[in-house]
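Next, two complexes with chain A in common: one pairs it with chain B, the other with chain C.
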Partner chain A sequence: MNRIAWPALAMLMLALVFLLGPFVVVFVAGFSGDETLAFPPRSWGWRWMAHVFTVEAFQRSFATSLVVGVGSTLAALALGVPVAYALARHRLPGQEVVRTVLTLPLVVPGIIVGLALLNHMVLVHDLPVRASLLVGHTALLLPYAVRVVSASLANLRPDIDDAAVTLGATRAQAFFKVVLPNIRGGIAAAAVLAFITSFNQVPVSLFLTGPGVSTLPIEMMAYMETSYDPSIAALSTILVVFTIAVVAATERLLGISRYV
Partner chain B sequence: MTELLLQGLCITYGRRAAKGAAAVNDLDLQVPAGQLVSLLGPSGCGKTTTMRAVAGLLAPQAGRIVLGGEDITRTPAHRRDIGLVFQSYALFPHLSAFDNVAFGLRLRKVADAELRRRVDEALASVNLAELGARLPAQLSGGQQQRVALARAMVIRPRLLLLDEPLSNLDAALRLEMRAEVRRLQRSLGTTMLYVTHDQEEALALSDRIVVMRAGRIEQHAAPAELYERPATPFVAAFMGHENLFEWRDGHLHGPKGAVPLPLDGLAAARDGRFTHLAWRPTQVPVLAAAGDVDGAAAGADAAACALPGRVLARSYLGDAVQYLVDTTIGPVKGCGGPQSAWQEDDAVRVWLDPARAARLDGGRA
Partner chain C sequence: MTRRVAWGLLLPALAFVSLFFLAPVLALLAGAFKVEGGAGLANFVAFFAEPLHEQVYWRTLRIALLATLVSALVCYPAAMAMVRVPPPWRGLLTGLVILPLMVSPIARTYSWIVLLGRNGFANSLLVGTGVIDEPVTLLFTEGAVFVGLLQLMMPLMLVSLVSALENLPADVLAAAQTLGADRWQTFFRVTLPLTQEGLIIGGTLVFTGCVTAYITPALLGGPKVLMLETLLYQKVNVAADPTAASVIAVLLLVTTVAVNQGLRRVGSVRRRRGRGAEAAAPGTPAVVEGRA
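And then the complex of A and B:
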């Protein structure tokens, strides 16, 4: 055995505490039986966990988040997979510019994306809230989809498309019979990442949600402004467990961490 | 049995040049039916570009590709019925060896029973009958290349292209696969175009060899002819003639100077113009500083060709010792017997015998 590097270990612990500390606080508070949010709770129970399922605003916004998340994920993949494929297989003029533009929302603050969409699309074209959320989230998720699918395409030699073609496949057949089956893992990883990103999205949604229609994170923020009970902690705990379960399941089935 | 003809093939790249792709300039080539012709040259000479154009994976700017009398220049790649074996094997990672081989037959809607029979046959022909169920990742490099070969052959292509198919294999396997390719070619009679940068491989496999350089054909000849009589300094250097000197006005010119080299009788004996003489190191005996050149060939002429010099370096090759000798015209590489023991700085002579030299036309060099 090597000598244990204590300073490095201490730094690692510190980082873990820093990263997971807030989770622990929220997680513990989620099991509070008190009337108001406090840490540590004075009493314990499942009452707030049960309570959040009865709040109608949460129910409705959860449904909206689900629809927007699934819809924008599918849209981002429908656009992102062909884009990633084109970038991987063809030398196009200005390719690097295209690549940079497609990863821009990763560096541009969501607030700017939200504001731009609101000012120049939603208000101008009078888009319904759900549609504008779908458009906004799709724009936001597209770079994730392109990135992750590109990473899985990079593991695939371009020769295999050519091999399929010389064996009698059209370019389209080569894509569907040879390329697609080999990037299924990457696409699944992109889908999971995109859905979670959409589901947890705040800045873009903040601008695009309107009267009567809201996503779950926006509804949670609104709820906190008026109530100070532990239901938000309970709901957060449920969401964290849900997210971890989804990621763990896909990781187990497909090994998505190779692509992200 | 199908003949391939390339006529005036031109392929140029603009700004969109793929990395390492070379242009091809006005290329004419005939691959006779049932023969194996190699495109041989260093990387960037256009050999792979030519092959990809034949496969239909890139479009030539000018020229015609004629296969079995049919102009296929504009035929889409997937309708050409040309097999291609890739350097990287390019097996489909998600399919078993069996399904890889079956891929082309499934696209051709071959009935199940026949498909099974033909795939099994193809796998057996490359000695992989037992391994059909394995995925490519579970096969060794040599086995993967055999699957790739079977996959390309099973569709009974009119022409089989092989793009440096053995260069990713280790030396022993390469020799074995070389024999395998030759055996398949002989038994099936498929016309093959074989791309390689390995002259030994080309010599061992080919009916004819086309040496390419910068998008043009440098020499097109049978292996023995190419080896014995390279046409240009480039081919000579590529085929291992490391001693290359210009011959002009009865003198041999090297980087350091010139020596008279009588060549009258020989020059008249063979027509054709030539500007350079070239020797392989094995064709240049290294001799003691004094004494007769050679019992039989001794004479005034021969003696004149034995240049004195000093040993710069020696390397023991087992069946011979190779010497790098500094002469009045420049460094010359020659060979001494395995027992020869000259050391650096020893005075020796190198015998540049015109009778053993290859005559080259450097007009294009």
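And then the complex of A and C:
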């Protein structure tokens, strides 16, 4: 039973090479010393790694991506944690409808959300572009926050808040002093997942960026259209290493895979 | 917790989603049905009257379907091997499969530009070995978009199938063998029917992921190989045609929802006809949903 049939194993190897090979390619190209993109590179060096830090468009959009990522993650948690708590502790009439409505941002393609916000918020109601970016990302992250925090709450017996109340705590105290410390791990996992999702997000941002306000991935796509140097490979390498480090650290500290 | 408090906790999120998500999205979709003096489907008729639009729509469905089929064919045996890998390696493998989902899709798509570009690996190899004399165009072809999407979406199929196969009770397989089924019979009459839900979930994720992908068709297809999302972008930023953009938005949404519901129905009908055994129903990991 434990033997693995060799054709299946061969397929697994093939799938892994196909899934991970591209990362190796980007890594190698990122250390190119060539003037233009070629593979395999004809010379090697750190020059493009150093170069990407000097490109102003990348600096500015990286800052925007950070602000939007952190802001929308916090907003999604502020909106999502109460939802997860209410749904976990109370059976409400129509709670399936609530759940469905709150997962809709995952179902509707991001590009539609972005265009809808542009046409009906930015252009009609004068919502600033930066705010629309934040709002769009928050809507997208909300389902993740609700879902991951709900999974974390499911592991917590509801009687522990009742015990706290019996011992004289108010409902709010029971939440902040008993429930919240117990779901810290789930909230942190939700935050990491949400931030990464926002940071990598393109379709929602596509129409909500313009001169002055742009996110890093949008800026990378724009750069690719005009330049053929290995900068994007170098920047991609940095981002991949950064993501692996964050995910590995969270996994080690919090066991993110228990929640996601 | 009283009911009032519970609704109070839900209210901010519901208000936010209604105001900043539902209302603008519905307004955008409504634009597709607005015709002179009322509502109707005239905009859709006009949209499909354009041969390019029809071509883009079918191309999108074709590439998505092909990517779904190929990923199922590759991932099913791969997932069968994966669930039998012993524990220490198993965790590493799962990490390696999940990781691409967390990494910037731009980084993942960019590698194909490196590989398929004029001075890319494929051309260097082909010219170097004398197969061709001049570099050929590999980028901005339907093949490039297909390969890019397949790579982007394959982890979704693999993860869905692994979790379906994990939930498959071992004694059911043992029972099939005791009752005299050979390996192929066991596979086609027991394993496959009991894991079809994994195939359905994985298939839905891959198909809808391909239909709604923007980065891959934009970078690997360009204006030559338009798909629905890149066409939508063009309609807004190049053609300034908001009605066509709304029509495409409706098509994107209807297509993804129809596939979602349609496949779910197929799954539940089959399950009711199933032979008594509980189907292995995988829960989809949150990380898997809404990617790309």
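Throughout what follows, the second predicted complex is superposed on the first by the 256 of 260 C-alpha atoms of A that agree within 3 Å, B and C clash if a C-alpha of one lies under 4 Å from a C-alpha of the other, contacts with A are read in each partner's own complex, and residues count from 1 in each chain.
The working rule: a contact is a pair of C-beta atoms (placed from the backbone, for glycine too) under 8 Å apart; a residue touches a chain by one contact, two chains touch by 3 or more.
Please read all numbers here as calculations on a predicted model, not as lab measurements.
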Fit-or-clash call for chain B and chain C when the two complexes are aligned on chain A
fit
Under the superposition described above, what is the C-alpha centre angle at chain A formed with chain B and chain C, rounded in steps of 10 degrees?
90
Per the contact definition in the header, classify A:Ala169: touching chain B only (first), chain C only (second), both, or neither.
first
Please work out whether A:Leu253 is in contact with chain B alone, chain C alone, both, or neither, and reply first, second, both or neither.
neither
With both complexes superposed on chain A, which partner does A:Pro143 reach: first (chain B), second (chain C), both or neither?
second
Which holds for A:Leu156: it touches chain B only (first), chain C only (second), both, or neither?
first
Between chain B and chain C, pick out the one touching the greater number of residues of chain A.
C
If you stack the two complexes on chain A, which partner ends up touching A:Ala116: first (chain B), second (chain C), both, or neither?
second
Quick check for you: in the superposed arrangement, does A:Val178 touch first (chain B), second (chain C), both or neither?
first
Could you tell me if A:Ala245 is touching chain B, chain C, both of them or neither one (first, second, both, neither)?
neither
Using the touch definition from the top, say if A:Val17 reaches chain B (first), chain C (second), both or neither.
neither
The superposition places the nearest Cα atoms of chain B and chain C at a distance, in Å, of 8
Could you list which residues of chain A make contact with chain B in one structure and with chain C in the other?
92
Which bits of chain A are touching chain B when the two form their complex?
91-93, 156-157, 159-160, 162-170, 173, 177-178, 181-182
So, in the complex, the side of chain B touching chain A is made of residues 15-18, 55-57, 76-84, 86, 88, 90-94, 103-104, 107-108, 148, 151-152, 155
Could you list, by residue number, the parts of chain C that touch chain A in their complex?
1, 3, 5-7, 9-10, 12-14, 16-18, 20-25, 27-29, 31, 74-75, 77-78, 80-82, 84-86, 93-100, 102-108, 110-115, 117, 119-121, 124, 150-151, 154-155, 158, 170, 173, 212, 214-215, 218-219, 229, 232-233, 236, 242, 245, 249, 252-253, 256-257, 260, 285-287, 289-290
Give the list of chain A residues in touch with chain C in this complex.
1-5, 7-9, 11-12, 14-16, 18-23, 25-26, 29, 36-40, 78-80, 82-83, 85-87, 89-90, 92, 98, 101-102, 104-113, 115-117, 119-121, 135-136, 138-140, 142-144, 146-148, 151, 171, 193, 196-197, 199-200, 202-203, 206-207, 217, 220-221, 224, 232-233, 236-237, 239-240, 243-244, 247, 251, 257, 259-260
